[in-house]
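By letter and in written order, the chains are A, B, C and D; residue numbering begins at 1 in each of them.
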Amino acid sequence: MSLSAQLPALQVVLPLLSAPLAVLLRRGWLAFAVVTAAAWAAFAIAIGLWLQVDALPSNGVISYHIGSWAPPWGIEYRIDRLTSFVLVLVSGMAALVLPYSRASIAREIPQESHYLFYAMLGLCLAGLLGITITGDAFNVFVFLEISSLSAYVLIALGRDRRALAASYRYLIMGSIGATFIVIGIGFLYLMTGTLNLADMAARIGAIESSRPVLAALAFLTVGISLKLALFPLHQWLPNAYTYAPSAVTAFLAATATKVSVYVLIRFYFSVFGDSLVFHKLPLPQLMLWLSLLALFAASFIAIFQDNLKRLFAYSSVGQIGYITLGLSFDSVNGLTASIVHLFNHGIAKAAIFLLIGALVVGIARPGAAPPAPTFDRLAGLARRMPLTSFGIVIAGLSLIGVPGTAGFISKWYLVLAALEKGQLWLVGAILLSSLLAVAYVWRFVEAAYFQAPPPGRELKREAPLSLLIPAWVLVLASVWFGLDTSLTLGSAVEVAEGLVRHRP
Amino acid sequence: MIEHFSYIVTVFLMVAGLYVVIARGNLIKKLVGLSIFQTSVYLLYIAPGKLIGGTAPILAPQYGIYSNPLPHVLILTAIVVGIATLALGLALAVRIREVYGTIEEDEILALDHQVEAAQEPRGEQREEKGA
Amino acid sequence: MALAVVVLARTRNLFAVVVLSGLYSFLMATVLLALDAVDVAMTEAAVGAGVSTVLLLGALHLCKSEEAKPAHRPWLPLALASVTALVLIYGAMGLPDFADPQAPIHQHVVPRYLQNEVDVPNVVTAVLASFRGYDTLGETTVVFTAGAGIIALLRRPGRRARVEEAPPCADLLLRLIGKLLIPFVLLFALYVQFHGDYGPGGGFQAGVIFASGIVFYALIFGVENARRVMPDRLVERMIAAGVLLYLGVGVAGLLLGGNFLDYFVLDPDPVHGQHRGIFWVEVGVLITVCGVMLKIFYMFASRGRGEERG
Amino acid sequence: MSAETLILTALLLPLAGALGIALAGRAPTLREGITLTTAVALFACVLQLLDPVLAGERPGLTLIEPLPGLPIAFRVEPLGMLFALVASGLWIVNSIYSIGYLRGNRERHQTRFYVCFALSLAATLAIAFAANLLTLFLFYEALTLVTYPLVTHSGTDKARRAGRTYLAILMGTSVLFLLPAIIYVWHIAGTTDFRAGGILPAEMDQGDLGVLLALFLFGTAKAALMPFHRWLPAAMVAPTPVSALLHAVAVVKAGVFTVVKVMVYVFGPERLAGATDWLIALAGFTILAASLVALSADNLKRRLAYSTVSQLSYVILAAALLAPLSLVAAALHIATHALGKITLFFAAGSIYTATHKTEVSQLDGIGRRMPWTMAAFGIGALSMIGLPPAAGFVSKWFLISGVMDQGHWLALGVILASTLISAAYLLPVLYRAFFRPLSAEALAHPHGEAPLPIVLALTLTAAGTLALFLFPGVPLELAQQMLVTQ
């Protein structure tokens, strides 16, 4: 046995191991050390897998048989370029958020619950990685629940009592979504007799009666859309993001919805292939309109929020619209845009939420719990916390899609895809919506830079470095990936071409 | 129609459960609805696994036909996941009851609005001053 | 069953709702039994009718038991539910007929399970613990997540003081019966655990039964006495240890040169290796499930007292 | 240094300067010293590129390739060279001026001011040297963003509102029109490089061509073509050095520079023949309308801003005529207007610093107290009107020659009319300053000239305006080389 052959299993098992260990150890800093080590190991493994996939011929797949039972009897881990891409994103986020979380939760969560927080974060990471890497439909569900349950707990750990209500709401909507997904998988299983996704894709073409398959498609779409907060199924998201602890918000915003998008892409393009999704149902049209609605409605609502965290939570709903919009185009460029934006938005939004976390630490009175980042508390912030404010601005520019930032790349491909379809009005709509992003980002700019700080609060009091460094890594990344895109764009194009290749 | 009877029952249960989840405002009742919704999915999986004349999938020399064991496995997992969700949901409900004093969704929303309304005037004044 | 649900949807007394849902679960278990799903039926009876009812009652005890009158009209939910129903019926009409041996689920994949490669007569156990052992690992992790999550949620920050124990149930007869019965309950749990290879049963069911034995004990002799037998700290450790044991079996497979959760390499004789793997995995499940159940019970119990005392 | 290194140095110098200024934030003298040194070094660096470019070289540099086939690349060609020379040269003078102005008016946030200024220059140079549309767009947006803090500098409600207008118009149009235009070009041509003779495929439909041109023109709101000109008067809330260098030179010239560049190097003058009539009309309208607004404005800076709007459309008009001579005029006017207008703004700022007066009607008799300032104002005004011996005459000469060549009488009429109007809104200021008696209120508040750095700066630019009339060789050479197809 060589280590490199076992990487797929270790990818998930290491974070999974870290969680019970953290509970056994009980000490806050020990738990922190274990889970952080696991997250970094997972990141290293994800990169290792990336290199392995790289070494394969184009569209190659690494297949790993758990328990040495060959699929479709056993559960298979299946890693292709897209999988590996998402794995790197998720584990990389965890590797950054964990070092951040230690200082961040110090005042947000009671000391004796810290070890549980780390355990939950480890579980959430393991769950998300498990969803991504698995090649088995039911296994998707099981790991989805691991990540969801841990996410509910993480959100409920927020200080505000509204965190509980938000978490409860997420639990209800998330469970309905998960059950819908199970129903969808059930239909597919009843029709194909298999749970392995690749096997399913191969057998689905031979089915005479397509009605259950169509129903499966509908249920999966609704279920996953609930999870990825597609407008109008997003109601759980704003409050959950607003009241969760900062580190949790950043981690979830960057990964949870993104992994759901990944699952959607998997089912749409890998399992159903092109025969069903885009020809028998008006799904693309529906998705197109919902995405547009998300772009405009959610961004519009975002502009009028008084709480900065909530503002960016609504912005997330809007930005997810870009991702699903790209999917609905059903073309290489559209899919490329989705995949790139999945990554680019992930890092930019995580950077923003991490910085907001730093910000609330900065504006808190010494010793007191951090207050909500409402706009009246942000006046003149740039004087007190120049690095934090500037970071939010840069990441905000990426949300807008200003050239030179990562967001521009995704927007470029979206517009290109719309042009290809010959739908000029869509080009206009996409660009117009990005102006809404200017509006909400600029509310922060004006408050932080061009309003006088409240008297007595003019001293410079920057957040600790342990909060700033992870956040700034992401800020710089969102600039870097706007300039050097060989990694993101290169793989996205390859993946998109691979997934849409069957098209005549 | 008759051969699909089991499906019809399943569908009815599911929809009833779903209705309770969405329509009811009581947090605990919602959870009960949710668990009914989830339970009904079990039938969707298990019923098609049955074979007439088959027996439980415990191998023994005297039987030839067995019902399909795979759905059973899946549903065992699903049940456990369902109860875990339920337990967590109840814990949340208990905490909510502690901090809000109620487990009615409408009342919680109303309380939240009160809090926000109490905070808002301050923010607005600032805004006006700024604008 | 359908009747139970309808009444349930209309009832506003939450106690009635809980009892009805227990009834519903019990009926469900019966139906499942009729469909040859013995393992599932057993679990549903234990979980649906047992654990979740207890949980719900416990939660109700902490909350109030009457539901408020719904404030808004139920048209939107009704419409949503109807649409779901239509899609479901639309899809279900195309499914293979009931008990059709030609249906794909009977033709594909399953035949190999029935060949009994791992020499475990209860195919469900074989598939659960070996073929799809990874799912079960996931399931155990979900239980672990829920357990740890509930600890995180319901923990009383900084209040460790011993609460004065309310006098336990003084009924001598009850105590006698309890003393007689509890060992059998625990024994039965172990039987379910280790007989899982041959008949219905397994780690999960056993864990639930074992835990309920102790809960029973606690109800009769008081929670503090139960805590003396199974201290909090131990219970919390159990939650983690079970998952770790499961994972450990998987990692052992790795270390011995196989894949993750590869039982073949656990012993020179592959079939024996499978047995060994399944055994330890089931033990892991038992420990975690039992731990979580107890922990939840303790949590709810201590909450309740705290609440009453204000 | 090789030409590549020079380009890179030219781009990095202002960035390094910005960093240095930020670090030296607490020491005002050091901060200003760094600004001046950077400006001088930058100009020297750009100047070194002049010879190779005049000799026919087109040095280039590719940084990175964010989109496949679409690098961020730079290539120095004559028009860009001209623009870069003007911007970097005037930055030196403007820095001297800023020192006097900011100190004289005790402005706050001076560090932020100097940092953003240096960054604006970096963006301007990058625009001047851009080798393709993507690079141009990147720095076009960057320029908007780094000048925004300068516009809202004072942080008052008025400034913030102006900042919103500034950002909304500049960013809105560039995102809504310019970006799709660029993506469309990429979509149909497969490249966005600037090439002599244009890059659009030959089979492109004439109607599409018109739409595309419109997208480019309205997308480049920095050129202040009506109806997207409102940001420029709004931006006048900024401190005067900003209005002078950025909103008379760098930013607005980046706009018309983009327009000329797109017309020459993306469309190609031949392809455009016949497609620009509406543009001539619109530019003509903008010239006249803006002049009329200027005539009625009492606020001096507002008057100058509308004058800029109208003068910018001269460039567009000249380019839209598509005649070789008028294209030369367009390029030349970028330089001549820059010198003249910066002088005028310097004078306005000088008056404000010395007297805190902003309205034309308050300026009675001020020429006697501030002779240097008002003399410089006079030279600038001559240049705007297009009279000798100021530089404006040269470009207007070429423009009129181009119009004659094309026989475009409408355009000629517009030019003549606007010349008269601009005389009508600039000369009365001089008249008031020199020939009206001081008002009673002014007599009660005696004052002299503005601080020395200010006077020095405006004398320099006024002298430059005169010099460019006498020696227009280099700009002319560059403008003519622009039309040579390699």
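To be clear about the criterion, a residue touches a chain if its C-beta (ideal position, glycine included) is under 8 Å from a C-beta of that chain, and two chains touch if they have at least 3 such contacts.
The structure presented is a predicted model; accordingly, all values stated were derived computationally and were not measured.
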**Message:** If each hop has to land on a touching chain, what is the smallest number of hops from subunit C to subunit D?
**Reply:** 2
**Request:** Any chance you could check whether A-B or A-C wins on number of contacting C-beta pairs?
**Result:** A-C
**Asked** Among the chains, which is located farthest from subunit D on the basis of C-alpha centroids?
**Response** C
**Request:** Mind having a look at which chain is the central one, using mean CA positions?
**Result:** A
**Centroid spacing, where centroids are CA-atom means, of subunit A and subunit B in whole angstrom** = 24
**Complete:** Separation of the C-alpha centres, subunit A versus subunit C, in whole Å, is 31
**Cα-centroid distance, subunit A relative to subunit D, in whole angstrom** = 44
**Fill in**
Per the C-alpha centroid definition, the whole-Å distance linking subunit B and subunit C comes out as 16
**Per-residue multi-chain contacts in subunit C, two or more chains** = 88, 92-93, 95-96, 103, 105-106, 109-110, 113, 132, 135, 138-139, 142, 145-146, 149, 153
**Item:** Set of subunit D residues in contact with two or more other chains
**Value:** none
**Shared interface positions of subunit B, touching two or more other chains** = 14, 18, 31, 48, 70-71, 74, 77, 81, 84-85, 88, 92-93, 95, 130
**Fill in**
Residue positions on subunit A within touch of subunit D in the complex are 397, 401-404, 409, 412, 415-416, 419-420, 427-428, 431-432, 434-435, 438, 442, 446, 449-452, 482-486, 489, 493
**Prompt:** Of all residues in subunit A, which touch subunit C in the complex?
**Reply:** 1, 6, 9-10, 13, 16-17, 19-21, 23-24, 64-69, 72-75, 110, 112-113, 116-117, 119-120, 123, 126, 130, 136, 138-139, 142-143, 145-146, 149-150, 152-153, 156-157, 183, 187, 189-195, 203, 209-212, 214-216, 218-219
**subunit A-facing residues of subunit B, complex** = 14, 18, 21, 27, 30-31, 34, 37-38, 41, 44-45, 48, 70-71, 74, 77-78, 81, 84-85, 88-89, 92-93, 95-96, 99-100, 108, 112, 115, 119-120, 122-123, 126-127, 130
**Request:** Note which residues of subunit D are touching subunit A in the complex, please.
**Result:** 63-68, 72, 134, 137-138, 141-142, 145, 149, 152, 155, 159-160, 163-164, 167-168, 171-172, 175-176, 179-180, 183-184, 186-187
**Residue ranges of subunit B in contact with subunit C within the complex** = 3-20, 22-26, 28-29, 31-33, 35-36, 39, 42-43, 46-52, 54-60, 66-77, 79-88, 90-95, 97-98, 103-104, 106-107
